[in-house]
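Each chain gets a letter, A, B and C, in the order it is written, and its residues are counted from 1.
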Amino acid sequence: MVRVLLKNVTKKFGNVIAVNKLNLEIKDGEFMVLLGPSGCGKSTTLRMIAGLETPTEGEIWIGEQLVNEIDPTKRNTAMVFQSYALYPHMTVFGNIEFPLKMARVPKQERIKKVKEVAEFLGISELLNRKPSELSGGQQQRVALARALVREPEVFLLDEPLSNLDAKIRTQMRFELKKLLSYELKITTIYVTHDQVEAMTMADRIAVMNRGVLQQVGTPDEIFYKPSNTFVATFVGSPPMNLIEGEILKKDNKVIFDAGEFSLELPEDVGIEGKAVLGFRPQHVQIAKEEKAGFVRGKILGIEKLGVESYGHVTYGNLEIVIQLPEEVGSNITEVYWKPKEDRIYIFDSKTKKLVYG
Amino acid sequence: MFSSFSFYEKARNKEIVAGLSLISIAVILNIVFGYFAMMFALYLSFFKWDYIGEMQFVGLKNFEIVIRDLIRGLHGAPYLLSPFYTGLKNILIYTAIVVPVQTFLAIVLAAFANQKIKGQQFFKVSYFLPATTSSVIVALIFIWLFMKNGFINFALAHIIPGFQPIDWINSREYLLLAIAIVAIWGTSGHFMVSFLAAMQAIPKEIYEAAMLDGAGPIRRFFFITIPMLRPMIVYVVVMGLIGALQMFDLAWVMAGANGGPGGAGYTVALDIYNEAFTRIRPGVAAAKSWFLFAIIFTTTYLFQKKYGRAMR
Amino acid sequence: MTPKEKERLIRRIWIVITYVVLLTFALVYLMPFIRSLVASFMTWAQASRYPPEWIPNPFTLENYQKLFRLELFPRWIRNTALYAGLIVAGNVMFTSMAGYAFARLKFPGRDVIFSALLSLLMIPMFVTLVPNYIIIYKLGLIDNIFGLALLGITNVSSIFLMRQYFMSLSNEIFEAARLDGCGPIKAFFYIALPLAKPALGAVAVYQFLGSWNAFIGPLIFLRSPENFTLPVGLSFAFQRAMWTEYTPIIAGSLVASAPTIILFLVLNKYLIRGIVVTGGKG
């Protein structure tokens, strides 16, 4: 088991900077998720660790070894691809055996190892089949087996669940986590654009956008302490409400003036002037009648997601999403709302960084 | 780090070496038989040579021979004095018959077959069959069918009232037409299958939308099918032009190397062959081949310029 | 008649017209083959009778016997098979290598070299014919099937087809192979080649059809009758009037075209689709 360390890693494709001065440490046995929208540089980062791409600058350490100059096959890493990249012309056995064959492992040992891994992943009955005869979940397991058979110290996964249908995905999420973190306790780097995957699987999440690392932290830290508006809106569903406005001090009270309405903020908010107020749809108090400190809003539409329902409230161009309590029917047209005081975030209006919350 | 070559450089060098060695044979052979041969053909066209003796530089004399031939032909010189002119005239007439007829026939047959009908594969197979057979074999069979007491005269006599049997192969007037018919028979079915595939690739939604707009089958054919087929039509015409202008095999068998009665079946390609291997004037043959190249290039270029590029 | 009935009637008539047209032309395309097949079992006296007769009477194998009594004919079959075999083997080997390199490997000049090869498709064969004759002559390979095959074993269309195929394969497979320890050459043999079976099959079939039917190349580069291929040999037999009757020529034509026709009939589904995609034998 080893750690992975990225020091100032930069990757340029021509003039495009895919990854910009990335510093990141993945600890021994840690399950690290690289999270971000497509094109944010997360896959490129993974591919650099695997050795499929050369970093333009910076250092990549695996264990105590600087691997920039090391052949991908000698990095003790294994990678699972989004499409699984199984060799369609080989049987499952042939697929799992292939990396050993390329490493010139003797035949007897190869057979033994393949059988062990297949046994471990519960795919022993599939060894003589071709990949095209397997279900998505089975293919996934074969891809894992092919990666595991090399006994890697670092496991790299690139969107491994996005080709599965929703039901199996939830199940595989749990299985993968169990396998990698609890049974093998292996250092894992997992790339995804799906925040639910990230939140449920990761020990820590690294959120990336446009090649720049936005925040690293546990799922709770990412959710409750987003370091900027990007992280705040990318993680959480529906996304956090962000309202631009101005913070004023009046008669010992802190007031947030959004133009269309104003809100009273907790007294310990020490900032004044332009700012961005953020709160999650789930962290809102609701009243049916007018109430002091509550803002009146017209409900434009209600999204029902089973137990939860979200109302869309608009003020000019501004649209705010708030969770409605279960007992509020679906035919209300008006609501009074107020963000929970201990659950508000304030971001700098220019840098978009968290300044309060 | 540890050695002067990093792993990436090593991998890259390995890839370069592998790439260059994998392409080497294909590239060398194509350079020799393609590019070198082309330059050699250019060089050759300025020399008089008999394959054995010294090559003798003659400047533009070989091209002059071709142009004089054309001028003589325009003034009505007989075929033996103006072989290139005769071949050129024949091949242009032949192309003007073959390319439009085979393209038109292929589109019409494809349109008929592009319906919900039984046995579509049978039609495709039977139409395509001629294209899988050597043109020489086809020509040999057709010589027999074209004989004066042959099957084609018999069939025509039943279709056209008052038809008198023609001695196609031995007739100055009909030889070229007979060759053209064989060519159309040989290639139209193949192009029909191409058109049919292109028609079947047109999204159904477009037809349905047109149907809702009130377009009947005829208008749908002219306003949707034909415009959507344009790249394929251009492709078929360009391929047809390239094939027809270089026609050799059919003429060789049906008319003979000398073009049959009065040179009625003589072609530019036959003339190049004769210059190179009968009259032993490789320089003149090279000059004539450049003329042929120019003719093919300009016709296909002009056609594609006017009607858009052929599909790949 | 209601409009609906009228419409139905028009549809009926149209379908009938469709079948009449399609069947007529099917007959036009098939008739020469059918006529030849029937006539190859007739005496020349019967085959040349007017109006044409359809049932061989007497039924005779004389035409085929005459064919094989000519010592050259089996040689022509052998030569054609050898030539086609060389062309198919050469193309399968060399163009898959080149296509793979052009599609999946990075090396300096790759795209320039590839476009240079593609531009050769524009050059009519008559331009390079005489120079190539001289090159082969200087190599001492005139009248030699191997010399003739040298010209066609790395066909540019085959390279193009193989390259397109290799480009269509997923990148991830090759990356997985790279991580599993495959260099560019190993990846070719272990991954690319086994996956390219459909494309290799297509190249093999097109090249077989092309070389089996080839005429002008064999005509020029082969000089002595015992080295001829079937198309050259048969046209030679016809022009030298080796038989006083025409029926052996017909029988010979059928024998010569049987392999391609059978191949086509067996593979018609794949071939028609493939030939449409790659633009045909032209």
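Definition applied: a residue touches a chain if its C-beta (ideal position, glycine included) is under 8 Å from a C-beta of that chain, and two chains touch if they have at least 3 such contacts.
The shown structure was predicted, so the numbers you read here are calculated from the model rather than taken from an experiment.
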| item | value |
| --- | --- |
| Among all chain pairs, the one with the most C-beta contacts | B-C |
| Chain whose Cα centroid lies at the greatest distance from that of chain C | A |
| Distance from the mean Cα position of chain B to that of chain A, given in whole angstrom | 60 |
| CA centroid of chain B to CA centroid of chain C, Å | 16 |
| Centroid spacing, where centroids are CA-atom means, of chain A and chain C in whole angstrom | 56 |
| Junction residues of chain B, two or more chains touched | 11 |
| For chain A, residues contacting two or more additional chains | 51 |
| Chain C: positions in contact with at least two other chains | none |
| Parts of chain A lying in touch with chain B, wherever the complex brings them together | 51, 54, 66, 68-71 |
| Touch list for chain A against partner chain C, complex | 50-52, 72-73, 77-79, 81-83, 85, 87-89, 98-99, 102-103, 146 |
| Residues of chain C touching chain B in the complex | 15, 18-19, 21-22, 25-26, 28-33, 35-36, 39, 47-52, 94-95, 97-98, 100-102, 105-108, 110, 113, 116-117, 120, 122-135, 137, 150-151, 153-154, 156, 159, 183-185, 188, 209, 212-216, 219-220, 230-232, 234-235, 238-239, 246, 249-250, 252-253, 256-257, 260-261, 263-265, 268-269, 271-273, 275-276, 279-282 |
| Chain C residues touching chain A - in the complex, by the definition given at the top | 170, 172-173, 175-182, 186, 190-191, 194-195 |
| Parts of chain B lying in touch with chain C, wherever the complex brings them together | 11-12, 14-16, 18-20, 22-23, 25-27, 29-30, 32-38, 40-41, 44, 51, 109, 112-113, 115, 117, 121-145, 147, 149-151, 154, 185, 189-190, 193-194, 197-198, 235, 239, 242-243, 246, 248-249, 252-253, 256, 269, 272-273, 276-277, 282, 285-286, 289-290, 292-293, 296-297, 312 |
